[in-house]
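There's a structure below that I have some questions on.
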Amino acid sequence: MNVIELKQLTKTYRVYQKKEGLVASLRGLFQREYRDVNAVRGIDLTVAKGEFVAFLGPNGAGKTTTLKLLSGVINPTSGTAQVLGYVPWERKNAYRRRFALVMGQKNQLWWDLPANESYRLHQQIYRIEPAKFERTLDELTDLLSVRELLRQPVRELSLGERMKMELIAALLHSPEVLFLDEPTIGLDVIAQHNVRQFLKQYQLERQTTILLTSHYMKDVAALCERVVVIAHGQVEYDGSLAGILDRFSGHKIVTLAFTENQMPPDLTLFGEILEVIPPKAKLRIDRNVVAKKLASLLSHYSVEDVSVEDPPLEDVIADVFSRAARSKEA
Amino acid sequence: MYVRAHTWWTILRIALEERLVYRGDFALGTLMRFLPIITQIFLWWAIFESIGGGSAEKVEIANFTFPDMVAYYLLTMVGRAFSSMPGLASGVARQIRDGEIKKFLIQPVDMVGFLMLSRIAHKLAYYSVATLPFALVFYLCRGYFSAGWPDPLTLAAFIASLILGFLLGFFLETSIGLIGFWFLEVSSLLFVYMLFSFFLSGHMFPLDMLPEPWNLLVDLLPLKYLAYFPAAVFLGKVSQDELMLQLGIQVAWILFFIFLSRYLWKRGVRRYSGFGG
Amino acid sequence: MSEQQPVLIRVFLTFARNSLVREMTFRTNFFIQCVASISWTLMNLGFYLIIFHHLNHKPLADGSGWQQNEFFVFLATTWIVFSIVQAFFMPNVQEFSELIRTGNLDFVLLKPIDTQFLISFAKVDWSALVNFVMGILLLTVGVWRLTTQSNNPLLLNPANVLLYWFYVACGVTILYSLMISLAATSIWLGRNQSLYDFWFYITNFSRYPMEIYARSWGWSLWGLFTFVIPILIVVNVPARILARPLRPEGPWLGLSLSGFTILATFACLVISRRVFTLALQSYRSASS
């Protein structure tokens, strides 16, 4: 049974040139200049229960818009979506009780009050049974080590601490589906690591279906097996992370350390030179010819050390995006 | 000297531009400000009519006829246009609190003078655009000015009282703001001042209507010059001999507040520097 | 497992409690607001005392029956109705516009509870209830004087008192409906300070007895603010029911007005709900 199903989901915004002031706004009711922004163009997607899927894409790709559509916050222009059997934008209470959305750097907790008070409100709105509520709260605060922070006003907490409190708020009602929009953005390295660890463990235990959008490769690599690359409102790739490298990266990075003064005169014969700091050299070599070039190098020159690596994931992804952008303009 | 003048001109120009960007919204906002006058017109009409047992004609309250009353309200709007200083006191207090006044201590620019200039600039900018809505309203209500335009001397006194009202309002609010050197939360004091000034400046009703001994008390306060006095002058409620006396007292009040603000500034700066940093 | 809908009363009480806790952390501010409110009501009262001093036992409008004591009831009703709106709805309506602007309305839309309820009751401005207390005080003074005056004393019967509070509730509901509709338009029109000024200037008309508009071009205002934007009935109807000033037209006008008020309350509620739902559909959220 598929937990999430999207068919040709489309969202187009008509953006009007807005002007300030009451009179201009009133006049704007009669004649306006506008342009259409296709935020999401016909996305098809199915997600099964317990999957941890990452949405990867450049800014403005439509990742956040898709999450908002799935949360029922906005209405689509066309297409259908079903989450847990509900149509999200009908915003039925029964649906809203079963999922959660967390947005990075955005707060839903009451600013001046301790997180505790916001959680109590949560309990009443979601009608969580008191015993269950206490248990879940205890578990989550222990997992995230924030017990002492519960009574502190939210505005006094650091960004990382606030994010943890937001996560707790989202998980108090034990949602079956979790949408995370850039949850680690703006956090320091340690906080990012903690959040990642937490999510990994939580998902393993509860088998929650999670959709995550992120800019950070580390998030994606640590948490998700399945990656959906979205660019310009469309799905460019849907598969495993390793698969991206296979599909999109045409090169390998070869680092060579030559014996003293034995550097070949012209390295460009073997591949594109990335960096040369004698006695080391870094080359970019086409995948299909790596073995051949390497064999040639090793047989003709004295090489102390060799390493063959995939290019950084970020570079590959960035390449995918720019290629998608170019094909869009074509 | 030339640099000074050039600076002043720049301030004026920027303030003007700022205002004009929001022209339309602005004109509408200004017109909306006259809406409460409509309810006042009906209220007083009903009151005068009730006193007159069915007709408002020939009825007088404290020497004001019904048309006088409406004219009075419109004129207080003009008076307030000159004497109200929105954000002045709180701005001064804020600058003290945030330490922004440091720049005035270092540079050879007099803070009070600078503030006055920005104020003048803002008022000029504001009212150059607001003149049209004001004129429109006054034209529509010209029937209420039963005595028409006053004689040249009274008119001159009226204009003088408006300008003096500006000065009085400015130095009074600046003084309140300068108390920020000693009390961090001037806003509470300001709130109380605003409420009382609304009542005691004649903005709500002509001060002649106050029964004894209140009217004598209010007469002693400088607040009446902010709204009541110019309106009363225009409508001829102030006799010729009274006129000179009152203008004189107004000038005296202005001088008082000028000295007060100077004094507060000097003492305040001394206290402030005493804290170091 | 049966899921239950949230108990709205409980949720509201939590909102009220949270707001109180928050306001108490800014104690001086709270105190200042209270002092300001009291000063304002005293000045308001002072203004009318001066007017009645000059009226010298005549009513506020010729033949309207609004003598000083009756008018105390009217003025008190103004304070009561507006203080309730100020305390329970004003902060929420302002917050609504902010939520739309920042895109934080998203979080509201995620909660399994009626969105309009959540928006309308989330915050309570407790300091605004000072005016409510002042209103009750003035009301008591007015009613006491009316029932004990030698000339034609008021016969107070419990039904009238109950009806009074019923119509106060109607008045509050009408004002609320107008406010929420106005705030909802900011989804289409964007943020606008002028909208709030507009609200203030329009509701200003409702703070006076209807009779003052009953002359020449005032009739158009009377009609506009009774039948199109029914703010005139908000204070007038409950005040009349309690103070029962003399009316030459007899009781029929009173009855039809009261009946109309119920109709208007219902219509306003329905219309505002419609506007609200429609606005939500056009909600765009903020860009990330």
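The first chain written gets the first letter, and so on, giving A, B and C; residue counts start at 1 in each chain.
FYI, contacts are C-beta pairs under 8 Å (C-beta built on N, C-alpha and C of every residue); 3 or more make two chains touch, one makes a residue touch a chain.
Small disclaimer: the values here were computed from a predicted structure and weren't measured.
In this view the innermost chain, defined by its CA centroid being closest to the centroid of all protein CA atoms, is C.
Ranking all chains by how far their C-alpha centres lie from the centre of subunit C, first place goes to A. Centres computed as Cα averages put subunit A at a distance of 58 Å from subunit B.
In this assembly, the C-alpha centroid of subunit A lies 48 Å from the C-alpha centroid of subunit C. For the pair subunit B and subunit C, the distance between C-alpha centroids works out to 31 Å.
Within subunit C, residues 194 each touch two or more of the remaining chains. In subunit A, the residues touching two or more other chains are 20-22. Contacts with at least two other chains are made by residues 25, 28-29 of subunit B. By the touch rule above, subunit C contacts subunit A in their complex via residues 3-7, 10-11, 14-15, 18, 21-22, 25, 103-104, 106-107, 109-113, 115, 189-190, 192, 194-195, 281, 283-285, 288. Residues 28, 32, 35-36, 39-40, 43, 46-47, 50-51, 53-56, 58-62, 64, 194, 197-198, 201-202, 204-205, 207-208, 211-213, 215, 218, 221 of subunit C touch subunit B in their complex.
Contacts from subunit A toward subunit C in the complex involve residues 13, 18, 20-22, 25, 64, 68, 71-75, 91, 93-97, 100-101, 103, 106-108, 110, 112-113, 117, 120-121, 124-127, 181-182. By the touch criterion given at the top, residues 25, 28-29, 32-33, 35-36, 38-39, 42-43, 45-47, 49-51, 53-54, 61-62, 185, 187-188, 191-192, 195-196, 198-199, 204-205, 209-211 of subunit B touch subunit C in their complex.
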